[in-house]
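Think of it as A, B and C in the order they're written, each chain with its own count starting at 1.
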Amino acid sequence: MTRTMARAILVLTFLAAILAPWIAPRAYDHQYRQAVNASPSSQFPLGADNLGRDRLSRLLEGARVSLLLAPAAAALAVLLAAIVGILSAYLGGVWDRLIMGAVDLLLALPWLFLLLAVRAVLPLNVAPRLSVTLTFLLLGALGWAAPARVVRAQVRALLDSDFLLQARALGISPARVLTRQLPPNVAPVLLAQFCVSVPAFVLAEASLGLLGLGVSEPLPSLGSLLRDLESLPALHASLFQQAPMEMAAMLAPAAFLVLVICSFQLAFPQQEICS
Amino acid sequence: MEVPLFFTRVSVDYPGKPGVLKNVALDINAGEIVGLVGQSGSGKSTLALAALQLLRAKGVQASGRIDFQGRDLLRLPENEMRQIRGRDIGLVLQSPLASLNPALRIGAQLREAWEAHARGTDAEWQAHVRELLESVSLPSDAAFLRRYPRELSVGLAQRVLIASAIMHRPALLLADEPTSALDAITQDEILELFARLSRLRRMAMLYISHDLASVASLCHRTAILHQGEIVEFEETSRIFSHPSHPYTRRLVGTLHLGDREFA
Amino acid sequence: MIRRLFLLATILAAAVALPARYAFAQTSNNELRFALRADPKTFNPLLMADEPSETVSYLTHGVLIRINRATQQLQPELATSWKVTEGGRKITFTLRQGVTFSDGTPFTSADVVYTFTSMMDPKLHSPIADTFQVDGGPTTAHANGKYEVTIAFPAPVAGLERLFDQAPILSASASGKEASPGLGPFMLAEYKAGNYVLLHRNSHYWKHDAQGKQLPYLDAVRLEIVPNRDLEMLRFAQGELHLINNLDADSFERMAAQNGGASNSARDLGPSLEGEQMWFNQVAASPLPDYKKAWFRSTNFRRAISGAINRHDLTRVVYQNHASPGVGPFSSANKFWFNANLKAHPYDPADALRRLQLDGFHKSGPDLVDASGHVVEFSVITNAGNQSRERVAAMIQQDLKQIGVHLNIVTLDFPSIITRITQSFDYEACLLGLVNVDLDPSAQMNVWMSSGENHQWNPAQKTPATAWEAELDQLMKKQATELDPAKRKAAFDRVQEIVSEQVPFLYLVNKNALTAVSPALGNTQPSVLRPQVYWNAETLTLAAPAAGSKQLAMK
């Protein structure tokens, strides 16, 4: 029941994201300068932002940007993590130490400088959509190290398991063990890593805006919409009572992200691991 | 004299634990069921793993020789060894549920075992699996094949495991404590199944157990392993009637006692 | 399920970071409290380069001449009079007698000589020394008697008196100490790193009010280190801080809304010297394609872009009317130097298109293309993290779209921006803030001289690239050497005119000075110049907090 609902929510969300340009009530980037900070109304269902842009349309467009790209990046990161983690654990010995050493090195790299270098190489006139796609790709290509460690630990445990001993005793080739016997047992770990990575990437993309990567005006992403919330603590607590509608409208992107992430977690079976 | 199907004269040292097996001499003839009895930790399982060259992965090297069908398994390269595993020598491990891949359906697991040494159409596979499952008294319907191991009882799981081990009609089946996780009734059924399979398929078997009663009911000959050494290797009936080694006498003594108490 | 809830909680926490609450120290009643954004980096006034250090120095040290922040006129402080001689090369001060440092030692010409000699010591690397280094040569100080000092510059300096507002006088008898005795209204009493700087009233302070009462009126000043602007707002609202020097428009509006007008502590002081400006890269050796270099060097193009920007919308939407359209390098806040004949470029997209057509630009569908068919698209770099500035950029983006120009906004970290605009010249346009601390145009030589390092659009030229830049060079030299204020003013008026015509900088908005002053604080005269509220700290008073107010909360 929960699973069905979660799946329904995911399907609806992704449909909304993909169809954003057609179902959004207004252009996400048009500044209605007479409606700056407008309260929710029939004209602006979630109100207008501080440049007079329709919040709902921006949320839909932001969802389109982030929900299509962040899962793709997370999938890339998790795929790389799976390959590296499984190989490292499976090869063992020197190889394991070498690969895990490389992973540690990667985790210890001064990312800031690397990303600055990337920005320096990129031309300045990059379309916002291309820039954000590249950013997510980068996150995916670089974000595999931490999950790779988790995967490796899991595979190490699995390699000592009776069922893999049994599989080898049946004459099943190492390649088949790696591709057929191991992966479904690693899958729950990968799914968990995926579910953690998606929101992490959504937020990371937003913070990369500080380095000239990620979305740029006027394109929104869920992350950049969430960054608008940074000014929330400054709002006096009483504003919540005075203007609950405005507050709810401002919190919509956060609520939306939480909903999607929870749905991700609930939509897939959580397999118990016995090893 | 007939050359035995399987013949060992093997020693195994673990890193930091020498003398797990000390020059263990065993021979098994085609179609014969040999019991290997010893306490836990006496090295029984090590022998089975050594025979299949599955110790290498743990960084353990066996010395001596293990002859099977005239070839020394200890000197076979890995790729040839892999051809023997599952096809010529089958293995059944102690705890059936842990020995099945928890994330694969029964059908998929069996098919993996089949495809390790065979190739064929879906139809051929279906025919094969139906016959196989019937031979171990398991249902062969699609619903059963779609189950996951966690949806099986221990007894059913053990039958699945046996089915995958005898998939390719091996000449030798190594069964390492195959019944220790089972209740008494299921245990009897499995023993009966082993006996029948051995008889019908002329399959030799090394039945490793610490349970003398089951050995007595199943095995033609029995070896007693004590602290890494074979202390006695005789016709099963002789072991029970005239145990010569003190350790054997003690083992047989507990059995009689147990019989009296629980019969 | 627990794990899922945890994840949810983490996301929420990440989305809405909650401000930490600080513990408050017990404070006395006649103690002024306001916030520093960071720890002072030094208590040595000669080494200060950060705002917190400057604040401490301003309150604890005296200067020879003060620029009155209200009248913008020079006002005698430690010097009772002065005389400029040798065409602006020398200034001779007559010092105030009977003044003592906070440690009780008398103030004489030896202290002034000591101060300037220390400041000019190349080993010290004093940031203030830069102001006094004209044409690279050092400035020397010479005592003509116990109460007379002459400071000699290597070259004439126009309006040199104003420089002395920036030079705190140290005590010769306390050489080598970092926190030396001062001549200011307050003295350093206690410093808790990351927490506060406590200043006590200087009982030796020389100023007295009209009734002969010794100043300052306040007993103490507590400078609380509050790194977070939101927290500063909150603590001001709770009465724990008495003033905020510099508010942004959003905070100002929020504060005004909360106060409901009755005890309105938020004050809009009108135009400040701060603004936002944008410029195009006109560096000949830049890595830009030739056709873009041609756009950016065209006066028509720059003027057209400027006219396509709706400045009134910027001031209304981003600054909520607490700003005015930018006119030039100085706003009307600079009473003497601002050229009042100039107006901000009016918003007129049709006129912009007409100017562009003069250069062969034309519309092709929705896009603007140049004479050789290139679609007009360029990027503007700006520093990340300044929300108002990013909103300004987004609004310009939409304005330019209306004349078919595509603007890409690239937010970068500050060091990257500096590298691009000063070394690699790999940028097309840049949007940054404009802050004038000094009212005198001489402080801007480096900006307007074509050889200047801060001649942002095309720095450090060997010879002026354009006729109007050559004229700027002449005018700036003229105003720097001319001593007659009227002639200097005429020269700099012309500079402002040329800048308005040639548009090397697009002046977008001039921000108003927004401050918050507690009703308890008396004798305030907030100024648009720094330090806006506490510039007359010695005469500020504090009313005893009203009964029942939050300030009475005891430990």
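FYI, a residue touches a chain if its C-beta (ideal position, glycine included) is under 8 Å from a C-beta of that chain, and two chains touch if they have at least 3 such contacts.
Computed from a predicted structure; not experimentally measured.
Of all chain pairs in this entry, the one linked by the most C-beta contacts is A-C.
Once CA atoms are averaged chain by chain and compared with the all-protein CA average, the nearest chain turns out to be A.
Centre-to-centre separation between chain A and chain C, using Cα means, comes to 41 Å.
Between the Cα centres of chain B and chain C there is a gap of 86 Å. Each chain gets a centre from the mean of its Cα atoms; for chain A and chain B, those two points are 49 Å apart. Partner chain C is touched in their complex by these residues of chain A: 29-31, 33, 36, 50-52, 116, 119-120, 124-128, 195-196, 199, 203, 209-212, 216-218, 226, 229-236, 254, 257-258, 261-262, 265-266.
Of all residues in chain B, those touching chain A in their complex are 49, 52, 54, 57, 82-87, 90-91, 93-95, 97-104, 112-113, 115-117, 150, 161, 164-165, 167.
Contacts from chain A toward chain B in the complex involve residues 161-173, 176, 180-181, 184-185, 187, 271-275.
Only residues 4, 7-8, 11-12, 14-19, 229-230, 233-234, 237, 250-251, 254, 258, 313, 316-317, 377-379, 381, 384-385, 387, 390-391, 393-395, 397-398, 408-413, 416, 426-428 of chain C touch chain A when the two sit together in their complex.
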